[in-house]
Amino acid sequence: MQDISAIDKASILVEALPYIKRFHGKTVVIKYGGNAMLSEELKEGVLKDVVLMQLVGMRPVLVHGGGPDINSVMEQMRMKVEFVNGQRVTDENVMEVVEMVLTGKVNSSIVKYINQNGGSAVGLSGADANLLLAHKQRARIPTPDGGQQMMDLGLVGEVESVNVDLLNSLLDQGYIPVISPVAVDRYGESLNVNADLVAGRVAAALQAEKLMLLTDVEGLYRNYNDKTSLISVLPARMVEGLKNQGVITGGMLPKVDCCVQAVKQGVGSVHILDGRVLHCILLEIFTKEGVGTMVINK
Amino acid sequence: MQDISAIDKASILVEALPYIKRFHGKTVVIKYGGNAMLSEELKEGVLKDVVLMQLVGMRPVLVHGGGPDINSVMEQMRMKVEFVNGQRVTDENVMEVVEMVLTGKVNSSIVKYINQNGGSAVGLSGADANLLLAHKQRARIPTPDGGQQMMDLGLVGEVESVNVDLLNSLLDQGYIPVISPVAVDRYGESLNVNADLVAGRVAAALQAEKLMLLTDVEGLYRNYNDKTSLISVLPARMVEGLKNQGVITGGMLPKVDCCVQAVKQGVGSVHILDGRVLHCILLEIFTKEGVGTMVINK
Amino acid sequence: MQDISAIDKASILVEALPYIKRFHGKTVVIKYGGNAMLSEELKEGVLKDVVLMQLVGMRPVLVHGGGPDINSVMEQMRMKVEFVNGQRVTDENVMEVVEMVLTGKVNSSIVKYINQNGGSAVGLSGADANLLLAHKQRARIPTPDGGQQMMDLGLVGEVESVNVDLLNSLLDQGYIPVISPVAVDRYGESLNVNADLVAGRVAAALQAEKLMLLTDVEGLYRNYNDKTSLISVLPARMVEGLKNQGVITGGMLPKVDCCVQAVKQGVGSVHILDGRVLHCILLEIFTKEGVGTMVINK
Amino acid sequence: MQDISAIDKASILVEALPYIKRFHGKTVVIKYGGNAMLSEELKEGVLKDVVLMQLVGMRPVLVHGGGPDINSVMEQMRMKVEFVNGQRVTDENVMEVVEMVLTGKVNSSIVKYINQNGGSAVGLSGADANLLLAHKQRARIPTPDGGQQMMDLGLVGEVESVNVDLLNSLLDQGYIPVISPVAVDRYGESLNVNADLVAGRVAAALQAEKLMLLTDVEGLYRNYNDKTSLISVLPARMVEGLKNQGVITGGMLPKVDCCVQAVKQGVGSVHILDGRVLHCILLEIFTKEGVGTMVINK
Amino acid sequence: MQDISAIDKASILVEALPYIKRFHGKTVVIKYGGNAMLSEELKEGVLKDVVLMQLVGMRPVLVHGGGPDINSVMEQMRMKVEFVNGQRVTDENVMEVVEMVLTGKVNSSIVKYINQNGGSAVGLSGADANLLLAHKQRARIPTPDGGQQMMDLGLVGEVESVNVDLLNSLLDQGYIPVISPVAVDRYGESLNVNADLVAGRVAAALQAEKLMLLTDVEGLYRNYNDKTSLISVLPARMVEGLKNQGVITGGMLPKVDCCVQAVKQGVGSVHILDGRVLHCILLEIFTKEGVGTMVINK
Amino acid sequence: MQDISAIDKASILVEALPYIKRFHGKTVVIKYGGNAMLSEELKEGVLKDVVLMQLVGMRPVLVHGGGPDINSVMEQMRMKVEFVNGQRVTDENVMEVVEMVLTGKVNSSIVKYINQNGGSAVGLSGADANLLLAHKQRARIPTPDGGQQMMDLGLVGEVESVNVDLLNSLLDQGYIPVISPVAVDRYGESLNVNADLVAGRVAAALQAEKLMLLTDVEGLYRNYNDKTSLISVLPARMVEGLKNQGVITGGMLPKVDCCVQAVKQGVGSVHILDGRVLHCILLEIFTKEGVGTMVINK
């Protein structure tokens, strides 16, 4: 940081006033994943942002991912890591490791980090008080001919309902819920669920003001090669067209679908942010222009 | 302000984290007077600082002075303005003007300013729900021979009790109480009271974390002519000595006595701040070193 | 008072039972102005009535006027007092005096009187927590040919909204709100507002059981010269006809319009009372017949 | 009642202000028995007084007696009515009738009367939620030689504890508890208890402001034949002396002992009132001098 | 009871889990009358069942009958006991005895029994806080020719409204309300009301999960002589047909009408149980099959 | 289970009444470990017992162990499993696996099982809201000569404080907290802690009524070979003597020390139960004699 005088620092705090006021008491769900979880500096940035949000009166909720850790433990255990079109093939043995790593390692580590930095977090998995109730679901896999095929990848699920009572009571008491994306079905079986989709469902269930997806891209580009073509605001009704034009493709497709679904279910706005940028969350909330791409229900 | 990048702004917000956390839910009483009331820029600085304090979870209470306005209205009304040793001679007619100006003009103006800037203030005078109950008191006036003389300056009073119920209920509902230093005695008669002393009594009654007196000096100097001799921390037990050494004299005497009494009655610390410095309140709260002179109960 | 035995006194208290029961917990807004503010005996009568109302479980709210005091201070300050058709011409200098006198003198005096007589009052102006939010409005002035003309009288406003949260929280805690008819616009500028209209808006916002306007007449007469023609109950739907018949004219026109608007917005009944009659408020509430003219929504 | 003008009636209400204020929220226990239960006019007087007390914010609790009704039902059932020294001999059959009459007839009748007159009463016996838990006790009977003898009169008990939770919750919800003096022991057996003593224990358990015993005498006289010798205020410490002087004798002895015990256990004051005087309760509360004899803890 | 091992006992408790869970927080109204009130063993069974219901989190409310006790006291008082078609002829003298016995004897006895067995009951009659407000009603008496005739049986009433506030507040505090079927009309006069109908109205007013009528039959039989023809579940829409077929006749007619009305007004189900079977309430609630006849709104 | 009639089942439920009543609202902490975690039947027994406890109004808290699972995952990951005197040597790599298995596998599995069986559990580790704050501690290892030696086994800790706020708020909302025995130190580092000791500290912090340690022995024997010498009740003051006599030795030493410490810190009683007996928890609570050994503070 450049050298900034105390007076200027005070002015910057005062500049934040209208944003603090506007988001006071508002719920913000953050999907925390990708590179932002790998660098210590970025991790520190994200989690301090979350603590600040809570201290100035917002109600942040974290949903985390955790792919790399799962693979490394599986490898250590000599288990075969298998993906089909980016989705993990999950039998019972794999599911046990997924749950163990996400809930017992990644989640715990985030909780401890927040608590070390002035916040107070409580880790949750979808099993806690049936927080994330899901059912098994076959995956939608693209075929070479451009069509789609339903495929059984094992213990993979889709969230049906979210226990908002537990979340709201923790938020009311000043705790930051940190959610591991492991759901449970009606028979008590654990299911692997996509963290983006969990974040979307949680945000919808809480009728959150904002959902923020931390990704490894700057946002959505009209033309991926032209860095000046970033789409700042994306009305949901324009998404279908952009898909047809080939602007939204590949891994962005499910992410954008998740955004659209969330705003249609009542989330104020969804933000695709670049988790590789330090303090990207605060930048979105506390600056006039915002950063990344904002999806709104229009 | 110099040109500061968005990232640096975010870092500055994050730097404030430990201070926000530390003062969350804490009551801070501010005596607002002197030059800080006269310049529009300083006024804006002080009142935005107060709004920020409230938004990040503190419970600020303002007590204001208002001398110059009283004199100007009195002059417009062709009334004689009379002071003995810095204290206003206050007969019934004068008291009526004092009350009218402090409560109906100065107080209203502060309330409106805060409400315009994102806060929510409620103006109070000592008469409201007997907020400041006082009794008449003769003034202590120094004699030429260095002694003291009790003198009746009219409707001048000393606060006996503070109705904390009213203050706490307004604070609990998120309002900033702005207090006009007009007290009322048991017979319903208004009394002129010193704003510093009111602030001290209010802070003690609320068991405030901090009392901040905005003055027109940088703080207390060990040697007034040596700007490097500012006393940063002044333990109450050392005050008597400094008086004897002639370090604390003149107008500073009652101010320092007020500070000592407040910390002895349970206020965490009292700060003599330079109201002529922009954002002096935030600087005190959000920087490691603090500014001005802090009196503590040691 | 004639000599009344203790037993008879007890019987009178018991006679009040059904009225106390009926109005328990009900909000009653009182516009206090005119002669009832000028005589010490009448003032004592009104304010003790208000304290009694509160003690037996009603929720009284006072809105006061204050014309004579404003004029006298303006004259003392050598300012020109100017009215057009009964409405004060209000430039910035005048507004400052209006606010100072209403909020800093008249309001304070009522608050102190109530607190001296067993009640607990809190004075408010429209600026407090934006209690009375208004916009500037040109006045409707009759022309010699019987028409109307819009005229700019300066900082004169019309109330848009009332912050009932502040009023209800004070009432819930057992305080009597005393409201000075100075409103504030969205830019923080003070506006002079008619006290009758303020009382009407406050009563409507609180969905009051009763609004009582203390005036200097016995009520509305069908024939002003025939003292037996007092209209006890006036259904709102009959007002238009009475205007056309010339029964309601002059200064009574805006007052009756205010009454009609209040009952149409949900106030139970509006009472035009003779503030020159001692205890006129209690007489209206605690006697079978009531006094003055009652406007109802029929 | 003499002819009293409306204005005078209003003045009388206003005169009651300081008393209403003083007793607001205070608990007053009334032992209702004797002649005040027999005349319709007196009954109406007492119960309307109680309703008024509640409406102006006091918390009245009624404990009733009921001797004559018991005797008349017993006679109708051809049962032998037997007293030893004023205390009923109570076997199981008698107890059943006592309970049936007190709880099913006298209590119900009072409850209905209060509910008809604007109050809201709930009848209770000592069995409800073990309101009055007692143990069997032999009676203390005077012998001809001036001594005392313990005598088993059957199912006669002494109250050990009072379930104040039930009473306070009913009072908090605005109900007037009406208590039938039938207690219950640890084995679920009903016991006949003296209504004065029940009222004393209830008042002590509730830490009542006042206990009022409605009797058939004007109060306590220093010399019973001299109507000017009524004792207005009787400090508890003087009772022993008055017993020795023969001023307190016979049926007054247990009543005065009950008063002394109540004030010693924290009841503010106990009043021996003449239940034959219309509105004796209001006269005591709302007049400066009070009536009857007041026992205080001095 | 046969000899059952501790382990088996524990298993039985665990078996009750799903039923405890299902009825947690649910209101169940029980009409307690007939033989179940006469045998000590059955009484103990019923009331212990009720206490258990409360302890495991249900909200039981009891409405009792009491015919035999009334007759026996009336006979002891040499009063004429007169019935027309099973309904008591009730003049003022009879009503006084009915109230005295039901409220002062039967109700008290149940309250004491519950309190002795680990529960906490509060006895209520319809007069308490106007719990059961009724109006006088002529009885519907069958004529020899199969028609009906309206007949004035005196102080007999029909319930109009139930004060659920009082019941809910007692239930919320963990008390079991025990209701004596004596209602009160708008003039404060007591009226005799049918206990089945009171239970039905109370259950409807509380929107109870279940209403249980304890009778002296096993339930409703399709063919009374064929013990295998018990109707387990009776949809309300089939009642009319069964009446026409002569399956429901005589004393069962009003009982079944009461059941139908209750389920139509929102009670979950109504159960006609055999009060002569020990623990019939628990058997209904805690066994898969249930016992007796259940009327449902289908 | 033998064939038991419905009536007998109802009687058994009723027999439980006094125990349900006695423990209503009481907190019971259960250390769940050993064989009771290995057999499916026993697991079902323990967890259904816990659900029943909650449904009948108790506040159960579970602390679990989990040794075998840790070893098996470590072995699968080719890590060396090392114990010194029964305590695990825990370096950073081991700690990561311990946390992952206990929190992400064992804890989750218990939570899911409870939720499947009618309860509502929330899994917690010591990191959540700093539930278990600990510091690193060297282990006390016996030396061959009968002395003791302090030994550094790595990341092994001792609990300093328990965040009862989080536990109480979950209990108040009807959740069963399931605690994984992983603590966290002031620097955010995870520490391995003994589950018995965690259960003891949690029970003390909650001032629990009972602490139950599920073990693989019937209880404490005076003479281990004589099965009739089971000690039912063990006053804490006698423990020292029994140690000296060699009655308490080996693995029982730390367990009994933990019991003694818990009762000395305010836990009502501590029970050493045989987790191999089906429904051992219910047997302890719902039978007169209790099972196992109960340590009390006498």
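Read from first to last, the chains carry the letters A, B, C, D, E and F; within each, the first residue is number 1.
Just so it is clear, contacts are C-beta pairs under 8 Å (C-beta built on N, C-alpha and C of every residue); 3 or more make two chains touch, one makes a residue touch a chain.
Fair warning: this is a prediction, and the values are worked out from it, not measured in the lab.
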Keeping to the contact definition above, tell me which chains border both chain B and chain E. none
The assertion on chain D/chain F checks that the Cα superposition rotation, as a multiple of 5 degrees, is 120
Shared interface numbers for chain D and chain E above half of all numbers used, same, or below, different? same
Select the chain at the greatest separation from chain D, using centres from the mean of Cα atoms. A
With chain centres taken as the means of their Cα atoms, state the distance from chain C to chain E in Å. 57
Chain A and chain F, separation of their C-alpha mean positions in angstrom: 36
Chain centre separation in whole Å, for chain B relative to chain A (CA means): 47
Residues of chain B touching at least two other chains: none
Starting from chain A and heading to chain F first, what is the chain order around the ring? A, F, E, D, C, B
Residues on chain C engaged by chain D in the complex (per definition of touch): 1-2, 4-18, 20-21, 24, 48-49, 51-52, 55-57, 117-118, 277-279, 282-283, 286-287
Interfacial residue positions of chain D with respect to chain E in the complex: 73, 76-78, 96, 99-105, 108, 111-113, 115-116, 120-125, 127-130, 165-166, 169, 173, 175, 182, 184, 187-188, 190
